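Dropping the structure in here first, questions after.
Each chain carries a letter (A, B, C and D) given by its place in the written order, and its residues are counted from 1.
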Amino acid sequence: MGEILLPLLILCPLAASMIVSVSAGRMGACAIGTVACTGVGISAVISIILSITLLSGPPAGVLQVTLWPWMHIAGFSADIAFMLDRVSMVMILVVTIVGLLIHVYAAGYMRDDPGIARFFGCMTLFVAAMLVLVLASDLLCLFIGWEGVGLCSYLLIGFWYNDPANTAAARKAFYMTRMGDVALLCGLLLLATATGSLRIGAVLAAVTNGQLAPSGVNLAALFILVGALAKSAQIPFQTWLPDAMAGPTPTSALIHAATMVTAGIYLIARLHDLFAMATPIMALTAILGTLTLLMGACTALVQSDLKRILAWSTISQLGYMFLALGCGVWQAALFHLMTHAFFKALLFLTAGAVIMRTGHEQDIFRLGGLRHAMPGLSAAFAVGASALAGLPLVTAGFYSKEMILSGVWHVHFGLTREWTLSGHPLWGIALLGAFLTALYIFRCVFIVFCGKKQGTSATGRTSRLMSIPLGCLCFLSLCGGVIEMPDTLPPLHLFSTLLDPKTPLSHADEPIWLVLAGALAPLAGLGVAWVLWGRATPVMHEIPGQAAIIRLARTGWGMDALYDRVFVQPFRLLTWLTHHDVLAHAITATGRLTQAVSGRIFQARTGFLDILSIWGSRGTGWMAYLLGQLDNGRVRWYAAWIAGGLCAGLAMAVLS
Amino acid sequence: MHALALLAASVTVVGAVMVITRRVAVHAVLYLVVTLLSLAVILVMQGASFAAMLEVIIYAGAIMVLFVFVIMMLNLGHPDSAREKEWLRPRAWCGPGLLAAIVCAELLYCMGTFSGPARPFAPITAHDVGLSLFGRYVLMVELASFLLLAGLVSAFHIGRNRVGGN
Amino acid sequence: MNPLPALVLLPVVGGGLAWLAEHIQPHTTTPARDASWWVVLGILTVETLLLVMVTFHHPAHAGPWLGHFSVPWIPAMGIAIRLDMDGLSLSLIWLSLILCFLCVFLATRQVTVNAGAFHFLFLATLTGIIGTFLATDLFLFFFFWELMLVPMFVLIAAWGHEDRQRAAMKFFMFTQGSGLLMLLSILGLVIAHYQESGELTFDYFTLAHTPLSPAVSMLLMLGFFIAFAVKLPVVPVHVWLPDAHTQAPTAASVLLAGILLKTGGYGMIRFNVMLFPDAASHFAPIAMGLGVAGILYGAWLSCAQDDVKRLIAYSSISHMGFVLLGIFTGSRMGMQGAIIQMLAHGLSTAALFLIAGAIQDRLHTRDMYRIGGLWTAMPRLSTAGLFFAVASLGMPGLGNFAGEFLVLLATWHVSPTTATLTTAGLVLSAIYALRMVNRIFLAASRPDQHPIQDFPVRQMAVFACIMVFLVVLGLYPQPFMMFSAPSPLSVTAVTSREGATP
Amino acid sequence: MPAFSFNDILLLATTLFSVGLAGVLVRRNMVFMLMSLDIMLNAAALVFVGAGARWHDATGQVMFVLILALAAVETAVGLAIILCLHAHGRPTLDADTGNLLRGWNHG
């Protein structure tokens, strides 16, 4: 059954996408939404069935489906093949269920947009591509999904293409991820050359068998890491994600928060055996993740655009996941990925609803006191915020973040024999990040929902279609985390056991203050936020003073400008300079030169000929005049000349 | 040397001289006929009776009649003979006469004498000529026929133009 | 009955018929009475049926060669009309026919001036192309090589756009000049063979066994290489291509980009690599360098163009760089990749040219700054444009990626650095493709735009067929790879073995 | 025994030829010029016949026949031209006025 269901899982959203795209303009908004939701919904059902089947099987059971050979050639083979193991099971559940909820929400959100067919065509196509990505058992097959989600992301960011800023953002996103894709492709080429196949199992087996030199492993891991960094908007590729918020909010929720940007985390988790062999790259991953989480949190703290705050928070949370991956606790990364998908989707969707009801106002300082106008939304946002902040015990975010923190505490990177890197400073920064996370998200909550009522007034009601998904996501954000608990609490390790039954994560020796610190940091953040923004007379009304550092931070630490200066402008200049084909010009110039030279030669020659011909013609003229005198046209004279000629000829004959 | 032959030769030369000195065209034609007939006599004496017959029939008969016809059509009259007289002043004779004389003298000078045994005289009959004409020289006959055809066509063409011109 | 000569002759005969039909019944405004167009369509259909017959009913015993035809032409010189078909030629002929159908359905009807002559020249070019793909007599090959040049020259010069004369002249001079070099090489090879064996022949298979000294074989190979490099085109001699593609009428652009460039790749596979394997392997580093240069240079310039057709033309140069790279990696994988790339590029670029042509027909401009926001006005055309632009940037799952990946993989085997450098071309390709998409389709629509007509459903169906082809080529290239392998690898194997033994 | 020896024939023929030549050169009337030409042709024919008799060969007379044909054609065409010119406004038949052969600077 799995052999049929697995392709069907991908096929359903794909078919929905095809139907929606082909019937553009013939179906009503409602019908389009229904088709799209049905497609994704069937996928969700199938993924649940498949998960149950998988879980009821043996612990290490894997469902493999090879559809058809893709490229089989001497030295390399790839298949269109899918595999469902427990890692991908988690992912398909997240993708399809969160995807379904967001689709339902979007059916309400986008109801009045004229481009709804295009929107749902891309969204369902995205789900299909994402499913290809997570289910692929072949890295090349994964690459299809990898690029496919990038394309859908491009199309959806630029969805409202009438604003040039949106299409520019779309292009920026695609270019930056494309660079990562190319790096990933290089990694794939390297692995394919070394192992002759890109089947994940085969590659990992070859790597663990030592078929690849350590430098090769490091290089491959580095390439793949670059690809993952670009996809997940980590330093140094983080600049595209905030701009990507130009797309419709459901897009931001599904693609730029819940699923696509986590593809990088998924990929590294998938290849964790490979990364485990490449210690320096692991350390690099962890450091970059730490930097990103800190930077994301700091930047989010000073943003004033609601969706941008969420975008930077996404970057920051992805940084947590990279940190976890770098520390080798990939289960924790996946766990956080899952809970993050829940609460970030919730946050985005709620934000979208808020923005929609306040007349597309995204500046948090122009919103305010919305608590009374929309209590439901306020509650949902608060739930999401607490989950993001990781308020202890009651939210899913707490458990996943705790899992990461405890994993980071225990890690040691043996970079060289002498020099090892301990995880403790990383843990410290991550804890600081947790504090900042609570601070910035509750800043947002307090400014938007509490406080004085600002000029913008909320209108209308949130439709049923939009509120039901919010409710579901609230539930998941709160309770989605209790399947895995720190050892200090009741040691429940459902999630990590699920992923890796052989070596469940267990840190029985971890000190209790570790958990406590993890629990207190968000609370502290909440407290500070309340002090600063939450009271009736807030300490800070606005971002104070516009200090240079804050201005810098608001623009994402000037990275955009830097890239613009360093890469974009020189590129533009160079392309402008070489706008006309230089080689063509060179060849044309050669041609011109030849022409000029030959022209000169021609002139010289004609000059010479002129002189010759002038003299020649003069001489000829005289001769002609003379001859013309003979040639007077009189027959008798001709006869006389003949006779004279005869006379002379005979005379010569006679006299000789 | 036969007296008759001498007579014929002198008639020929005198006739020719008369031809080129007449003012009236018809007179010149008549003299030309006389010249041709006497030439025919010489040809007979040379044993070429066939050639002589052709000379009489075609030349003196056909071609001269053609001349007469044309002269009749030209409708020449007194002014023409007066003009001829004007053209035939002695001064006009000097150069051409001198030139012709020189040519004649040179030809005679380089003629030399053909000694050697002369064949016994035997007339060449039409039979011999015919054999030769349609044997070795058949191609030449064809060429001559082409020539005649070309003459026919061109004469016709020129004549037709004349009609059109009228 | 042997179908091969019929395959070659049918288009040109049919072209003559089309011309006649035009004379008998001149072009009228009602499309149903467009006699010459119907004749062309009929001829192409018959040709397709023939090809189907060849594809599925070839004699089983013939081995890798699907068909053979041989009739002496000039026996004194050893020249014969030898036509052979293997998988490579077959697949390229299929590509040609598909593209011709595309042109006939989408582009040639727009030609109203002297349509009969246009159709005749169009089909004459097709004859040249098919002949080039089939000829295994070097003289005949040269004959067809030149044959496809002349009608194309006339097509550009007579039906092209504003600067057509110059472009046509450039095209003609470059290809003609290089063709003469090839003729020299052919003669050199024949003479070398004659001196060796005393037999004067132009037969490809016989000449393949000619033992040559390395220097001579390198020289001869270079002659061939330059001719094919101009056609492909390889970077320093690509100058004719942007002009020709830009100025040519749509149908001619499609033929040029879709098939004419492929004759260069075909020639490189068939003649450079297989006739002179040793010289080719010595030459490979330079050729690969040229390939990489082409990829980067073409993509780079493509990023800088404002003219849509010019942009596509430069992207062709970039894609053809992959073909060159793949052919000279010296492995079967690279060659397969090059072939897949040729097929996919033929489809995607041809479709892009058709779309550009359609836009020009409607808006009378090719300047991207004056086109914009077509998505609102023409969603179908824009969807098609987006699809093919994405295909040309190498989206996995579409044909171009399969080719590029195989080429890159084969290159990585030879030199990882080169391959890494090459992948930069993929980033550039994303830039130019999306730049085009953004400017033309996704930009804000211009206020002064008058309403324009979208593609009708029928034309869209034709495009959908091409999309399906591309997807199939991208997701299931395996049958094409099995099928389109150039078969006389045995011949090269024999030559190289013989070359090794003495 | 022939009445004339070959030398005599040549003498006669030369004389006739010279007379004909003088006629061609002197006369301006084209009819007379044609007649003079006929005289010259006859002189040449006479030489052929004489030579034929001298060496007893029929070829001489063959040549005579050919010259006859030539003369006929020449006369016919010449007379046609004369008639044509006469009809076209050159009633004097002056050979010197007909300088069409000159070609250039004629008009």
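Everything that follows uses one rule, which is that a residue touches a chain if its C-beta (ideal position, glycine included) is under 8 Å from a C-beta of that chain, and two chains touch if they have at least 3 such contacts.
Bear in mind that the values here come from a model prediction, so they are computed numbers and not experimental data.
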More C-beta pairs touching across which pair, A-B or A-C? A-C
Between subunit A and subunit B, centroid-to-centroid distance (C-alpha), Å: 115
Averaging only over C-alpha atoms, locate the centres of subunit A and subunit C and give their separation in whole Å. 34
Centre-to-centre distance between subunit D and subunit B (centres being mean Cα positions), rounded to whole Å: 6
If you average the CA atoms of subunit A and of subunit D, how far apart do the two points sit, in angstrom? 110
Show the residues in subunit C shared as contacts by 2 or more other chains, in ascending order. none
Residues of subunit A touching 2+ other chains? 640, 643
Shared interface positions of subunit D, touching two or more other chains: 21, 25, 28
Graph class of chain-chain contacts, one of line, ring, star, complete, other: other
If you look only at subunit D, which of its residues touch subunit A in the complex? 21, 24-25, 28, 33, 95-96, 98-106
In their complex, what parts of subunit A are in touch with subunit C? 21, 24-25, 68-76, 80, 140, 143-144, 146-148, 151, 154-155, 158, 161-164, 167, 170-171, 174-175, 178-179, 181-182, 185-186, 189-190, 192-193, 575-576, 578-579, 581, 583-584, 587-588
Applying the document's contact rule, which stretches of subunit D touch subunit B when the two form their complex? 1-12, 14-23, 25-29, 31-32, 34-36, 38-39, 42, 45-46, 49-50, 52-62, 64-66, 68-77, 79-84, 86-88, 92-93
Would you pull the subunit A residues touching subunit D in the complex into a rising list? 628, 631-636, 638-640, 643
Touching residues of subunit A toward subunit B in the complex: what are they? 640, 643-644, 646-647, 650-651, 653-654
